[in-house]
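Each chain carries a letter (A, B, C, D, E and F) given by its place in the written order, and its residues are counted from 1.
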Amino acid sequence: MSNRIIHWFKFASPQSFYPLAGKMIPWFWALTAVFGAIGLWISFFVAPTDAVQGEGYRIIFIHVPASWMSMFIYMVMAAWAGLGLALNTRLSGMMAQALAPTGALMAFISLWTGAFWGKPMWGTWWVWDARLTSELILFFLYIGFIALQAAIDDPRRADKAGAILALVGVVNVPIIYFSVKWWNTLHQGASVSMMKSPSMAQTMLWGMLIMALCFWMYSIAVALMRVRAIILERETHTEWVKELPEVKQ
Amino acid sequence: MNWNSPAEFFAMGGYALYVWGSFVVCAVIMVMEPMLAKMRQKTILRALHRERLAQELDKQ
Amino acid sequence: MPFDPGNSRKAGFDAGFLFRTPISGTIRPSMLSVSDLSCIRGERRLFSGLGFDLAPGEWLHVQGENGSGKTTLLRALVGLSPPAEGEIIWRGEPTHRLGEDYRREMLYLGHHGAVKEELTPLENLKLAAALDGRSLDDREAMAALHRFGLKGREELPVRFLSAGQKRRVLLARLVTRNAVLWVLDEPFTALDVKAVDMLSALIGEHLADGGLAVLTSHQPMPIPGGKVARL
Amino acid sequence: MSAFLAIIRRDLLLAMRRKSEVLTALFFFIIVVSLFPLGIGPEPQLLKKIAPGILWVAALLSTMLSLNRLFATDHADGTLEQLVLSPTPLGLLVAGKIVAHWLTSGLPLVLLAPVLGVQFDLDASALGILVGALLLGTPLLSLIGAIGAALTLGVRGGGVLLSLLVLPLYVPALIFGAGAVEAHISGLGATGHLSLLAALLALAAFFAPWATTAALRVSLE
Amino acid sequence: MSAFLAIIRRDLLLAMRRKSEVLTALFFFIIVVSLFPLGIGPEPQLLKKIAPGILWVAALLSTMLSLNRLFATDHADGTLEQLVLSPTPLGLLVAGKIVAHWLTSGLPLVLLAPVLGVQFDLDASALGILVGALLLGTPLLSLIGAIGAALTLGVRGGGVLLSLLVLPLYVPALIFGAGAVEAHISGLGATGHLSLLAALLALAAFFAPWATTAALRVSLE
Amino acid sequence: MPFDPGNSRKAGFDAGFLFRTPISGTIRPSMLSVSDLSCIRGERRLFSGLGFDLAPGEWLHVQGENGSGKTTLLRALVGLSPPAEGEIIWRGEPTHRLGEDYRREMLYLGHHGAVKEELTPLENLKLAAALDGRSLDDREAMAALHRFGLKGREELPVRFLSAGQKRRVLLARLVTRNAVLWVLDEPFTALDVKAVDMLSALIGEHLADGGLAVLTSHQPMPIPGGKVARL
């Protein structure tokens, strides 16, 4: 049992994770490219024109994956942060810190594409609908996390403080998410009308799923890149960093 | 195939501003973000390298 | 929860209570022992491999230049910022495991004012005691303040006091708190000559009573004995 | 327990001593509420409609403003260190501070809200719901706010960072709180909203002191 | 003159160093603006109507929050004493601090306001008027705020007292500023409001640094 | 407006410039003279009828117990809080009438930190100079910091410095500011032995150069000469 734990901790140490991440990154980029190519091809060339929304609906192929990712990344980030707080592993905090900017950007993409979709469909860039507002709040939670970590100099302290905030925020996520119930929402209605024809829904669903996979791979790849930089920044004074081939050459 | 000409493709049935406005911004973000991450990595590596050189010079 | 020194002292390492009465001439086992301590600030290692033992009645003078890490050491001792390496043992147990049992027997007064400027010295003293779970009556509190030369200032908000008087309000906790281990960071700052003598005498009494003290100061300490740790 | 009461007493005493602190927090609430008619114009129908929202936002901002003083002054003058080193469990002291904060910044708002509500032409039953919602909501604001205040302690740009952290967390309280009154006015009944608010309060009362304590220890390290 | 620039530089440097202080003030503005729809409900027509008022109240609150840091930190760490004792005329230094305050807390709001205005469905010309009004109004807020900040320096309960003093003085700016946009939307033309705002600004630019200097001297005595 | 000491010294009483070079053996007319000063705090009269004269090269040691009014006297001297009675004359004119001309020649360092915790020592020093209307180049600022033993800490935010190091950052203004009259409230607080020696030597130099100083301290002052005012 203790052996297994030690084994586990070995991968959780920045020293062994750094090269591992380096090896994984190209693979994830390749997958991103593959899924992206297929997804874009379906989005623009396979999926037919929508009966109600014309070509404007094609925004869905980035809007929905980005929206999903923004929520999912928050959960993952909070999980890493909680793990770090509980087990005091160094890597967890770094992972959380690496994920936050990607999550914030995903939330931003969701907001941006939603606004660019709303203008032609609803005639306005923005309505204070529950779904839209909760996405905005999620964006603020990310910004708060990033700002808090940036404001604390000592990385260990920053990790712990960020972890507490992320965990508190995670309680908030489902609440704002379910607050849809108490609001009359414009967002849902529009999405239902678009799914009228089943055959169309089929290709669209596939396009969306494949684009979502592309966003997944992208997020992993970019977070791994960032975590490698963070590892180096924080472990500057350790021996193993000095012995890295990148540093030596 | 939905499109008869590239022009039609780029016009997006009159929704060009909105569709391309979304996709381009998304693409820009997804290109910039890895580049920024890469730069961050390069910066720290350069600093580490310089420090190492300084240490070696110290030893001599 | 009235404070009961007898009871609290039995907490932790039981035999500790015996050593409260100083037995001159015999070798007393140490109550506070620190081994192989090291502290890092930013990327700077301030000290490492530091170790010492203190038995009842002994005191440690932490010396060193400005920025050598005295305050850092004291903060590590009391548990405000954990050390990078090393252990701090109190009555045979690591302090971070003792928690409240350690804090009940220890009193730390730092560089900071740590008094409320809006409250009067009397209120400050009584509330500080109440927060430690101990009630202090007016008479005791007044006696402590008078002892520290604050007669006539008991009811004046601390904001109006002079630098040295503020310091005295803080130091008055030494007599009302009844701690075994005193950790004082430059206790003589801002005090005039008379107050310095008085405080030294007080520390002397505390030691004679079987207490322990860890002090820093740039001035020579008019207290006999004492181990020295140079950073 | 005596320490718990002692810290409440201490904080109330300090609030009294920094004279009129409670009063001014109240005035802030009043002023923010009164600014809106000035900025929006005097249409009674419109004002009545937005009244619950405005009252709640004002309550939220006024609580948020007073969060600063929750730990920051104790931190600056070093008494917070002494609290952490005190033999009393820190969680108890923190809970006491939160209670004191609510007594000085939340409770007065609850008492004042009906008066302001009348100015916006809310009727008696709506005012009742408003007070009930605030009574459940303002302790929630103090509890959540304490976490933010502890996290931003001694951090650069603390004051504004605090609002950045705390306001998104306040959103549920705002939605259910203002929603309760609106639901009542539109005849839907406010029980749903109020019980959700109560559930949130119970949750926060359980977790917030714990999270705050953890955050304080981190901040002092 | 060099001291004037030096103090602006110093305050900007401090704002940058307390990292993201400017950014967080901005976010505060955004969050407050977003809170209202949450409290009031999502009807676009209603929201459009109250948008100018909300934006102005938010600008006002966000400026007010950042007033605290105008003198209080300098006071607490004793640098204000040094400024008063400096051979440079105090009025000049005070003017510099006010300019720096506007640059870090007013200007960003002006730049951001159009984006938020779009969310409330204001059209391009209304947005233009909004920006113009804020451009005249936010310096006014900084100037008036400085007097309040100086008066409440080191006073018990300063933070909230400050808002009590300053908010009433902000009312004219609020009325003319929000009024300009509303007048424009209802087709009355905004020139009247804007020129009144400009006149107020000129007046304040002349008197406020002087009053602030006097207040500072009193506070330090 | 670059700082020109020659010019600034001519401001006010013109002959002052002559007395900058110490003329040993001759009786020098006083530059700072105080007569019949009294200060009241609350309802307490701290001192009254206080008077002294300082000529170039002379210094005054303000002595007294905690709370006797030393800080109050110093603040009155520099014009931060006006005295209840009495006049403070600088180069023949009352200071409250001189205003900036007096402040240009005077430097007051009090109990307070008076440095910005977020800025580095280097930035603190340069900005303080800039606010006095004087530009300080990196080299000069560095030299001053090194002189005060802050080598290697020039770029570390002051927040991270130890109590003594913070104090040194403040004191470094003594060499960059070029004032004639130094008013220092307990300048030796928090300094280690080496720094105390160094600062005393610096004050000695300043006096030898024809400067004036008013100091408080509870410790004996290792500076020869000096008038004494006991409160």
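FYI, contacts are C-beta pairs under 8 Å (C-beta built on N, C-alpha and C of every residue); 3 or more make two chains touch, one makes a residue touch a chain.
If you're wondering where the values come from, they're calculated on a predicted model, not measured in any experiment.
> Compute the shortest path length in steps from chain A to chain F over the network of touching chains.
Between chain A and chain F, the shortest chain-hopping route counts 2.
> Would you identify the chain whose Cα-based centre sits farthest away from the centre of chain D?
Measuring from the centre of chain D, the most distant chain centre belongs to F.
> Quick one: name the chains whose C-beta contact count is the highest of any pair.
Contact tally peaks for the chain pair D-E.
> What's the distance between the Cα centroids of chain A and chain E, rounded to whole Å?
Result: the chain centres lie 36 Å from each other.
> Counting only Cα atoms for the centres, state how far chain B is from chain D in Å.
43
> With chain centres taken as the means of their Cα atoms, state the distance from chain B to chain F in Å.
That gives a centre separation of 56 Å.
> Could you pull out the residues of chain C that touch at least 2 other chains?
111, 118
> Give the residues of chain B touching no fewer than two other chains, as numbers and ranges.
Expected reply: no residues.
> Give me the residue numbers in chain E that touch at least two other chains, ranges are fine.
Correct list: 17-20, 24, 27, 31, 38, 41, 156.
> If you look only at chain A, which of its residues touch chain D in the complex?
Touching chain D: residues 85, 137, 140-141, 143-144, 147-148, 151-152, 154, 156-157, 160-161, 164-165, 167-169, 171-172, 175-176, 179, 182 of chain A.
> Name, in rising order, each residue of chain E that touches chain A in their complex.
By the definition above, chain E touches chain A via 18-20, 23-24, 27, 30-31, 34, 37-38, 41-42, 44, 47, 118-121.
> Under the definition above, what is the set of chain E residues touching chain F in their complex?
It is residues 1-3, 6-7, 9-10, 13-14, 17-18, 77-79, 81-89, 93, 220-221 of chain E that touch chain F.
> Applying the document's contact rule, which stretches of chain C touch chain F when the two form their complex?
Listed in rising order, the residues of chain C that touch chain F are 41-42, 64-71, 111, 149, 153, 156, 160-165, 167-168, 186, 189-196, 218-219.
> Per the contact definition, I'd like the list of chain A residues that touch chain B in the complex.
On the chain A side, the touching residues are 44-45, 48-49, 54-56, 58-59, 62-63, 66, 101-102, 105, 108-109, 112-113, 116-117, 119-120, 218, 221-222, 225-226, 228-229, 232-233, 236, 241-242, 244, 246-249.
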